[in-house]
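In the two complexes that follow, subunit A is the common piece, with subunit B as its partner first and subunit C second.
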Partner chain A sequence: MTRYIARRLLQGAGTLLLVMFVLHLLTTVAIQLNGNPAQAFFGDKVATPAQVAAVEERFGLDDPCFDQPGNPCLGPFAERLGQYARGDLGTNLRGREVADIVGAAAPNTLRLFCVVVVTWLALGMVLGSVAARWRGSAGDHGIRLTSVLIDAFPVFVLLIVYRYVVAVPLNRWSKETFGEDSWPPYWFRPSFDPAHPWATVLVPGILLGLAGSAAFIRLVRASQLESYAGEHVRTARSKGLSEPRVVVHHVVRNSSVPVVTAVGLTFAEALGGAVITEGLMNIYGMGGVLWEAVRNDDVGLVLGIVTLLTTVTVLVMIAVDIAYALLDPRIRLGTDD
Partner chain B sequence: MERMTDMDRTLTPRPLAGAWRALRRRPDAVIAAVVLVLFTTMALAPRLFTRTSPRSCDIREARVDPQWAGGAHPLGTDSLGCDVLATLVHGVRPSLLLAVVVVGVALVVGVTLGLLAGYYLGWVDYLVSRTVEVFLVIPLLLAALLILSLFQGVDLGGGTFDVILLPAIVLILFSWMPYARYVRASVLETKNLDYVTAARSLGASDLRIMVRHVLPNAVGPVTAILPTSVAGIISWEAVLSFLGIGVRPPATSWGIQIEQGSEWVTGGAPHILLAPLVCLVATVLALVVLGDALRDALDPRLAR
Partner chain C sequence: MAQITSRITATAGVAAVALTLAACSPSDVEGATDGPVTVETWISQDMETLFPGDAGSYDNISVLDVVYDGLVRYDPETTEPYNYVAESIEPGAENLVWTITIKPGLTFQNGEPVDAEAFARAWNYTADGDNGLYSNYFFSIIEGYDDMQPETGDDGEIVAPGAVDELAGLEVVDDLTLRVTLNKPFAGFATVLGYTGFFPVAQECLDDVEACATEPIGNGPFQVTEWTQSQELTAEKWADYPLDETPDYDAIHWTEYATGETSSWADFQAGQLDLSFPPTAEVEAARNDPELSQRYVERPGSALTYLGFSLYDDGPWQNVEFRKAISMAIDREGIISSLGSGSATPADSWVVPGGVPGGEAGTCEWCTYDPDAAEEALRRAGGWPEGEKLQISLGDDAAEVEYFTAIGNSIETVLGIPYELNIDPDYFSTRAAQGYDGMFRNNWFPDYPLNENYLSFYASGEPGAGHFGWYSKAFEDKLDEAAQAPTLDESIDLYQEAEGILAEEFPTIPFRWSFSATYYSERLDNVVLNPFSGAPMLRAVEVTDA
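Let's turn to the complex of A and B:
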């Protein structure tokens, strides 16, 4: 097991390095083709070459290779890796440390993800189990239709409708019904309130979770159907165990391994959804900061946050693989990888 | 009767022909196809649906309510006085073209790489698999935000392809991996089957074996994910355009319209937002339904 983890960590470190290199290459090519993002610092104002040069130096863009298309700029890459290793993610256009911003924003993103994962698991396990238990029934078909409908409403559309059409009247209604200081008006606030982070993150999180839950419903249904057809379930039934016991101990439990790992695998996708959610709902999280950075043309901040979030994704994938190996002995004992 | 159709579905030499027959029997798939044909016609010939130009805007007629079939502005006008229906109809082309181009190119790239990796294994496979792994961990939206914001200021001109060029490149770069994975898996499954060995011992070249004998087995699973992929790209485009880094003005797209409309919902003109939103949902829903039906039709395990 230790050997498996060590190997997986090593492999992950390699992937991480490659990912950073790809991001670096893309940025470099963009800068070489498009001219310098340092110009954005000045917005519409005309800057003197000396001013531009000063800004370039501050953002580490002063290397001549950024003016030579085709040059992979390995020097600045090594320099940047060194900075990352020291925990320095660069600064935004106003000179604030990206690490600082991340420290302030990350807790809200974590809150959002908590709500999302709970929604995924709750919807996926309940609806998927019901659909598998009564396969072919009206309920099964209804759940299937629901999951197709969920797929048809991208999280972007859900949030736009919620924020601009539903939230305002709902907020007004709940204020009138429950009073200014009760919880419901905070739940339905159309934008984030740092004083009540959990309450204002709840509904956007549920919507984001809802948008991703279709895949979970299908996965739970498929893996439980496989369990129902399995020999261990037939054995359990034939030795006279009650149906609820068979369902809970032999079907749900056995089919929860792929579900747990799917949480990790959908992480990358959910991260994209989180950016949209936080951006649209003004949540001060990593995604919200990124969204604003794109709007303000703040390339340094965009690069810092994208690098960090990608790193987190790699770490999550490694964690998923290790969890999978812990849960399923066939993986860690297998010799085929 | 039912058994007969089941049998000829499994015996049919071309899986797509069987899928086509199965699809025609499903009313939801037929309705979805009709919706898609409608929007495709809109993209190809926008003038069939509206004679108003989306650029002829009269600010004095801003935010007119929908007048439906009778009036000059059937779906009303937006905040600048442009006809909503005209903008909508002319916005279909960039959105659909982008989605089709992205999925088409990504498909070719993914299938080629997957085929080579699965067939030759060894270092080719190592290279492709590692590349897939690296690109998979970079979330598509994050990469798109990074690259497109770097290219925000570039002027590429206003031609049909120019307005979608940048988002197309970025989306292709980060969406070919699933195809490569599916194809690689089904090549691995197929390439040691008896009929492939027979073809090889008859002296068929690698290329011929790959294209004629191995690839057709991968067509099923890949086709099943195509409609959903197109739907996915359409909604990504809406997000990117909403942020101002997708399809470029002066071209319009549903994402740009949604962005403009979102400010006016509480200002008494919800139709500016709702019109493009309804179209977006209708298209995505049609594609998802079609994808769902295709998945059933192409998966022999579900046919029984």
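Let's turn to the complex of A and C:
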């Protein structure tokens, strides 16, 4: 187990370095081809070469390699790695500490993800299990139809409709019904409120979770159906175990492996949904920050954030692998291969 | 394991609910009714600094407007400057040397005096090119500016820092007197002094500029008490404020929005904000709401969107008749009324009419839609080369793409010139590098209310330079003459003549003026828009129900 984890960590570190280097190259090429972001600082003003040069220096873009298309800019990359090794994530273009930005944005995204994952699991496990247990029933058909409907309804439509059509009247209604001083008006606020982060992230999180839950419902249903047909279940039943025990111990548990995998894999994908949700609901989070950073050719910020995200993703993947072993003893962690 | 999974699910669910309900009621954190009277408004999320010399966007300029006081402020009706922190601002002979006297007894919010030194240190720091601040270029009018700029090599890299750290033209005569020597005469110097970049800064601020950029030490009626960058900003009234332009309410709270004002509209409707404007799709609904339309102010804005040509390159656009043809082929009225739902004004001048001293409507003779005259002008210009497309370049902005598609269609319909839009995410750097071929979008948001500000950036100094590659000696001579005029009024007249030369040589095509509007909540009164910036004047706002 230890050896397995060590090997995965090493692989993870390798992946991380590779991702960082590829991103470094991409942003560098973007700057080389598109022109220096220092120019955008001046907007409509006509800047003299000295003014542009001074701002380039301030932004850390004064290395001549940024003006030479094709130059991989290894110098600035090595410098940045050294910085990271010292635990310094550097600054964004305008000199704000990346650590501060992440410190402010990450908790909001994590809150959102918490709500999303709970929604996924709750909906996926409950509806998927019900559909599998009573396969072919009206309930099963209803649940499958619902999952198709959810898929057909893009998350941004769901959020826009919620924000512009539902939230305002709901918010007013809850104020009148429960009073300004109660929680419901906060749940239905059209935008995030940093002073009440959990209350205002709840509904957007549930909506984003809802949008992603269709895949989970189908996954849980399919893998449980497989279990129901499995020999171990037949054996369990023939041993005279009660139905609830068979379902819980032999069906649900065995079908959890693909679900956990999916949570791990969808974690990275959820960031895409987070960009939309954060943008629409005005949540200051990692998705939105990364989006803006890429738009502004903000090398320092892009690399800093992606490095952190990659680290998290690699760790989640390892955690998922370990969870496999715990869920299914047949999956060995390669101590003897 | 199944129990574990479901237990985890249940625990997480309970935890989320518990965290939500952790406090008994939300008002533990925020007083809903009995707290300070706070005006709730919005800014964009990308505001990075509150250091006056580095502020260049609508957001930080409007925040700093209540946190700092400048030497002059601008009359909300006429936009003309009047002395505020300054006791007097007197030009010497030929408008070259200016003597500024400061009102006695003024302090910063930390107790430091607001004196001549406070202005000198702020200006020197911003004028120092090595610091790379946004407002640096404003100080190029003061003597000694060039010596403070870094030296650059052939590849645009810095080879040596600026030789000196102080403006030679800045002299602290005594505690309250500052003498400024300009590079060349400029009759409008007093007008410039109300701009954010000319605000004074405290010594404590310069000692730690980074801290001061997020916790400004102002001399204005409001003090920034908390800024959670990219999320929210609070400023409370400064109890010891000595001057009179300060409102009756206690605090201002800005919520920061990722996509600016229009994303704040839902919050405004839910009663969380006092000021906002709807997104395009909801403009009509808001306008038709009988109750809401009572709480609405609007006025023409001062930002000009206009079209430039790549005059640094060969092409039919070198012929002034061709440029006139294009201009007359653009149906400004039609495009703006169909796309902007009235939220803009067709432009027929280069200086905003009525918005700044010297601005008059109709200075552009060829800015009226006239298909026949346009065709005639194109014929005189020798037509458009067969089989080629006119490229129209602009930045990546959905609303502008709509406008420019309409412009392209208008030109194609009238003149038969096929066009293609070139949507360039790196518009600013491409334009600065003279990288366009054909026509391209431009926008000018003025820095201070004087017609000169709309004109002087055309002075490229030599043929082929600048964003457009346009040069006119007559135009630049006229600007110099205007700057040296004995009085501001005479100067304004001469700048108008310079605009006349622009109208004659026609290097660019005015398209539309911006438009400012806001809705406000029931509890606000006396909401006035600044005629110049278009921002609601927070110092004038009254809160009726406290």
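The rule is short, and it goes like this: the second predicted complex is superposed on the first by the 298 of 337 C-alpha atoms of A that agree within 3 Å, B and C clash if a C-alpha of one lies under 4 Å from a C-alpha of the other, contacts with A are read in each partner's own complex, and residues count from 1 in each chain.
Operating definition for what follows: contacts are C-beta pairs under 8 Å (C-beta built on N, C-alpha and C of every residue); 3 or more make two chains touch, one makes a residue touch a chain.
Predicted, not measured: the structure shown is a model, and the values here were computed from it.
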item: First, second, both or neither for A:168, with subunit B first and subunit C second; value: both
item: Which superposed partner A:189 touches (first subunit B, second subunit C, both, neither); value: second
item: Subunit B versus subunit C as contact partner of A:320, first or second or both or neither; value: neither
item: Partner chain in contact with A:115 - subunit B first, subunit C second, else both or neither; value: second
item: First, second, both or neither for A:156, with subunit B first and subunit C second; value: first
item: Touching partner for A:15 - first (subunit B), second (subunit C), both, neither; value: first
item: Per-residue contact with subunit A, leading partner among subunit C and subunit B; value: C
item: Touching partner for A:294 - first (subunit B), second (subunit C), both, neither; value: first
item: Touched partner set for A:256, first subunit B, second subunit C, both or neither; value: second
item: Subunit B versus subunit C as contact partner of A:34, first or second or both or neither; value: both
item: Touching both subunit B and subunit C, residues of subunit A; value: 34-35, 37, 40, 163-164, 168, 279, 295
item: Of all residues in subunit A, those that touch subunit C in their complex; value: 34-37, 39-58, 62, 64, 67, 94-96, 100-101, 104-105, 114-115, 117-118, 121-122, 125, 163-164, 167-168, 171-172, 175, 180-183, 186-187, 189-191, 193-196, 198-199, 202, 248-249, 252-253, 256, 278-280, 282, 284, 288-289, 292, 295, 326-327
item: In the complex with subunit A, residue positions of subunit C that touch it; value: 1-3, 5-6, 9, 12-13, 16, 19-22, 25-27, 29-30, 32-33, 45-46, 48-49, 56, 129-132, 134, 136-137, 149-152, 155-158, 210, 228-232, 255-259, 263-264, 266-267, 269-272, 282, 425-426, 428-430, 432-433, 442-445, 457, 460, 466-467
item: For the subunit B and subunit A complex, residues of the former touching the latter; value: 130, 133-143, 145-154, 228, 231, 235, 238-239, 242-245, 258, 262, 265-266, 270, 273, 277, 280-281, 284-285, 288-289, 292
item: Sites on subunit A touched by subunit B in the complex; value: 15, 18-19, 22-23, 26-27, 30-31, 33-35, 37, 40, 148-149, 151-154, 156-157, 160-161, 163-165, 168, 268-269, 271-272, 275-276, 279, 290-291, 293-295, 297, 299, 302-303, 306, 309-310, 313-314, 317
